[in-house]
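These notes open a run of structures that come right after.
What follows is a pair of complexes built around subunit A, which joins subunit B in one and subunit C in the other.
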Partner chain A sequence: MLLLHIGGVRLDVDSHKQTSWHDLTPQIRISCVLLMVLAIALTPNGRWWTWAIYGVGILGVLLASRVTFSVLLKRFAVELSFVGVILLGTLFRDGGEVLWQWGWLRITTTGLTVLGSVTLKAGLSLLLLNLLVLTTPIPVLLQALGALRVPPLLVAILASMYRYIGVLIEEFNSMQRAAVSRNLMSNRRWHRLVIGNAIGALFIRTYERGERVHYAMLSRGYDGLPHLRKMPKNQRRDILALTSTALLALLGQAVYLK
Partner chain B sequence: MNVTMLPSELFSSWLEWTFQPYLALHIPDGYLNPPVCVVTWAISVGLIALALKRVEAEYKDRTVPLMGVCAAFIFAAQMINFPIPGGTSGHLLGGTLAGAVLGPWAGSLVMVAVFIVQGFLFQDGGISVMGANIFNMGLIGTFGGYYLFQAIRQAIGQDKLPGMVIGTAVASWVSVVVAAAICAFQLAISGTTPLAVALTAMVGWHVLIGIGEALITVATVAYIWRTRPDLFYRPPRKPRASTLHHLSSR
Partner chain C sequence: MHHNPISIENLSYIYPDGTQALKGIDLHIKATERVALVGANGSGKSTLLQHLNGILLPQEGQVVVGEYQMAPKNLRNIRNFVGLVFQNPDDQIFMPTVWEDIAFGPMNQGLQGKELDDRCTLSMHAVGLDPERYAQRNAQNLSGGEKKRVAIAGVLAMQPQVLVFDEPSAQLDPRSRRQLIYLLQSLPLTQLIATHDLDLALELCDRTIVLSEGKVVGDGATEQILGDRDFLERHHLESPLSYSRPYCLLEDVQAIDSVTQNGNGKMVGLGVKAIEI
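Presenting the complex of A and B:
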């Protein structure tokens, strides 16, 4: 959400490129990313070689997809700074040898292992998800969820939500500008009251907009059944990609199977 | 979706956002261990399936447009910063608000949609832990918040403004703090942070955040009460005094 505030948010900048990653059907791209994220996130702490193998694989896909690295890194840095705040709590814990102590604050080997593992897991997962949203148009991504057996009703709700986020943010900003220009935001108590009222007003407008949208949909022949766009069928290269992802995931885990 | 802001404002809001403890409620990938992920996902999938069924039965063909715009509304409302007592700034989580205006099922469905879009498209909260995020803020925050709110409202008076105000205030504060505490327990069970550290950090912050949540929720609910009370999930029955009385006396 910080991404939205900075204004540097850019989804879907690389979806027009033609690489072997872009040739995969959207649902297979989602499956590959989800499979890898699960494999990364569910690996027990301290298995560095597993993540090294995954990291090489991810780097390969990033290079192959020719994603714009400046955008990717900017998003990645912002998101990781989010993650960092919670991480500090993991450092100061008991267990293992004490490496450094200052009063009751001390850093132990266990603390460092947990910190390093969790950072790696979060970072690798973020890279993969960023790759997914930078290379796939969002509406297509949501429709592909439908092909992956997510209930069509939920997909339709998500798609309609995505369409109106920008509209509602713009509407709220205009309300806020109106309040600021009338000097209503100068005092903290007033500020809260005005924001609360604005959110209430935004809800009423939203509900009415929802009803208008509903009538508009009815007048265009909507019958209450959400229709999903037909997604392209999986081909041999898609099956191949999914298999190799699964193999990579297993290979990473197999390093510690002894 | 460019949010227009002045550079100085941008920087201060960047600081606030970066150090905003709220983000601790959106757990990133890798923080929870497999058992916690699996259990919370299983509960969340059940909640989503039930909520979809109940909402579709209630709203029929209005489901998609209404739930869509309401989810977008919560998403937009979550981006609004406001000062909270204690010096920092916070923003709405919106669970209790969604419950009060849309009811427990539609409210939690809307919150689920918000978490999916945040996690999937904006990387705000991880994929493997999305079950836990939905459990904490959708089930505890919205479902729990709604029933607490409704219980207090009925105790004070279903059709009175004080019942509404006190109910939302208490429910929104409690739901935020309880969600934070449960999140701390999940982190501790997974072995990521020791329980004492997690509890003090999370609950300590969210006691303050909860006050902000309660103030804004009350202001919002009071505004809707004054302008369109019929939009509440369980609207107050107002004695329609003047006109009816007038007609019957004629």
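Presenting the complex of A and C:
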């Protein structure tokens, strides 16, 4: 039920700090993070030195951006626990030497390599994405996506998802409270049935609300294409940041060149 | 400013399910008039309001807004001319931050850069929201009164000549309602206010139109219409609370006056209306 907290929690705890990372325009921050995540994810399994180099780079950015480490680690831990479920599957696979066996369960060298690689990939990428979300407010991120030529309609859909998720959760909670206040606790099965109905009602309400929102948009002159705000232009330091990210990505790969 | 911003002639509307929502409405509103539109639930208020902004197009009869006949080719101009404030601000504020939402209308008009910023700042000031404090706030975390203000600012930012409100005081606490009344009083625009809050109508509007079952059944001075208890009850309404409180009786006013005069020697103005009940 992590979603239930999105409306109330402030995601961008560190967005008001002034560091060299915060000086970069948001679209460049997104580009750098995207580039690094791609580089991390596309590295073949078992190339530990590449990830070590990337890790040092990421640590540098984390220190430079002065993010609140307690918040970062907390979020990181929660997210990694979800990834953990997938990781367990990678452990018990065939290939290589068998190190340990119990019935049909066995741990092999290939399994361990895959496990380590996927954990590192997921961990490093999550650190970067958390850094981005911690230091950049969501509305700014959405505007930056627009500046990066993501289709405006897609950005508008993301923006209204962000706007309305809290409203929907509030509506669902109030329906649930209304049901509980009329003594909905007799038995589990009945409870599930009612919650199911509430979700159905919420779906219809969402549909109706969508229509009302659309009317409100029309009445303010919406003509089918959302307009995006102008974003600050790229400066020299932005180009420098993007170039050094690309160089770091290449350096990491170059270690295994023969 | 246009001298006769809204005129409606013989307007009828039937919903797809066969409900006749409006029957032969005739209505003319003059510039800078503040008009209350009252009527029981289902009397056709909202349907009428949606015709003023081109969300619904007339099936029969005609609607003329400013110099524009209500037709698809004029919709752009009509929507710049008439600003519609919806009942539930959550339906209207759909952008993540206050600033982005207020900028939505002007951006659709093609404004950019400094002009856009000025327009937004101006309308935030007009509704009493400090741009420094509110511009980057998340729309989710505003109070009901603040949301209402943002919704009105978003419409004002388009600089319309007519403002149309659907239940502006619904879901507001007394203080926010009071602030809303002052705000509407301060706006020098033609206003049409659909409301169940007859005290608000009494305070704000000189003219009141009563809708009942899709027809205009009363149109005249607010005090005259809202003072006619039998008429209101015939159309499933009741007279404003401020008309029915016991201290509105003439003899009570005199009694209270004498107390306040004797008490500390100062005269206290109570500002009540004396109506026979």
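FYI, the second predicted complex is superposed on the first by the 247 of 258 C-alpha atoms of A that agree within 3 Å, B and C clash if a C-alpha of one lies under 4 Å from a C-alpha of the other, contacts with A are read in each partner's own complex, and residues count from 1 in each chain.
Please note the rule applied: a contact is a pair of C-beta atoms (placed from the backbone, for glycine too) under 8 Å apart; a residue touches a chain by one contact, two chains touch by 3 or more.
What you see is a predicted model, and the numbers here were worked out from it, not measured in a lab.
Novice: Touch check for A:217: first (subunit B), second (subunit C), both, or neither?
Specialist: both
Novice: Just checking: does A:192 make contact with subunit B only, subunit C only, both, or neither of them? Give me first, second, both or neither.
Specialist: The answer is first: A:192 touches subunit B but not subunit C.
Novice: May I ask you to name which of subunit B and subunit C touches more residues of subunit A?
Specialist: B
Novice: Using the superposition on chain A described above, determine whether A:209 touches subunit B (first), subunit C (second), both, or neither.
Specialist: Both partners, subunit B and subunit C.
Novice: Touch check for A:159: first (subunit B), second (subunit C), both, or neither?
Specialist: It touches subunit B and subunit C both.
Novice: What is the contact status of A:230 with respect to subunit B (first) and subunit C (second): first, second, both, or neither?
Specialist: Touch partner of A:230: subunit C, not subunit B.
Novice: Contacts for A:251 in the overlay, against subunit B (first) and subunit C (second): which applies, first, second, both or neither?
Specialist: After superposing on A, A:251 lies clear of both subunit B and subunit C.
Novice: In the superposed arrangement, does A:35 touch subunit B (first), subunit C (second), both or neither?
Specialist: Touch partners of A:35: none, neither subunit B nor subunit C.
Novice: Is A:139 contacted by the first partner subunit B, the second partner subunit C, both or neither?
Specialist: A:139 contacts subunit C only, not subunit B.
Novice: Give one of first, second, both or neither to describe whether A:122 is in contact with subunit B, with subunit C, with both, or with none.
Specialist: In the superposition, A:122 contacts subunit B only.
Novice: Could you pull out which residues of subunit A sit against subunit B in one structure and against subunit C in the other?
Specialist: Residues 7, 138, 159-160, 162-164, 166-167, 209, 213, 217-218, 222-223 of subunit A touch both subunit B and subunit C.
Novice: For the complex, give me every residue of subunit C touching subunit A.
Specialist: Against subunit A, the touching part of subunit C is residues 50, 53-55, 76, 79-80, 83-84, 86, 88, 90-97, 100, 103-105, 107-109, 112-113, 136, 139-140, 154-155, 158.
Novice: State the interface residues of subunit B toward subunit A in the complex, per the touch definition above.
Specialist: 1-5, 10, 13-14, 17-19, 21, 23-24, 27-31, 33-34, 37, 48-49, 52, 56, 60-73, 75-80, 82-83, 92, 97, 101, 109, 113-114, 116-118, 120-124, 126-129, 187, 191-194, 197-198, 201, 212, 215-224, 227-228, 231
Novice: Within the complex, which stretch of subunit A touches subunit B?
Specialist: Subunit A reaches subunit B through residues 1-7, 9, 11, 34, 37-38, 40-42, 44-45, 75, 79, 81-83, 85-86, 89-90, 92-94, 114, 117-118, 120-122, 125-126, 129-130, 133, 138, 141, 151, 153-154, 156-169, 171-173, 176, 188, 191-193, 195-204, 206-207, 209-211, 213-214, 217-218, 222-224, 226.
Novice: Which residues of subunit A touch subunit C in their complex?
Specialist: 7, 137-139, 142, 159-160, 162-164, 166-167, 209, 212-213, 215-223, 227, 229-230
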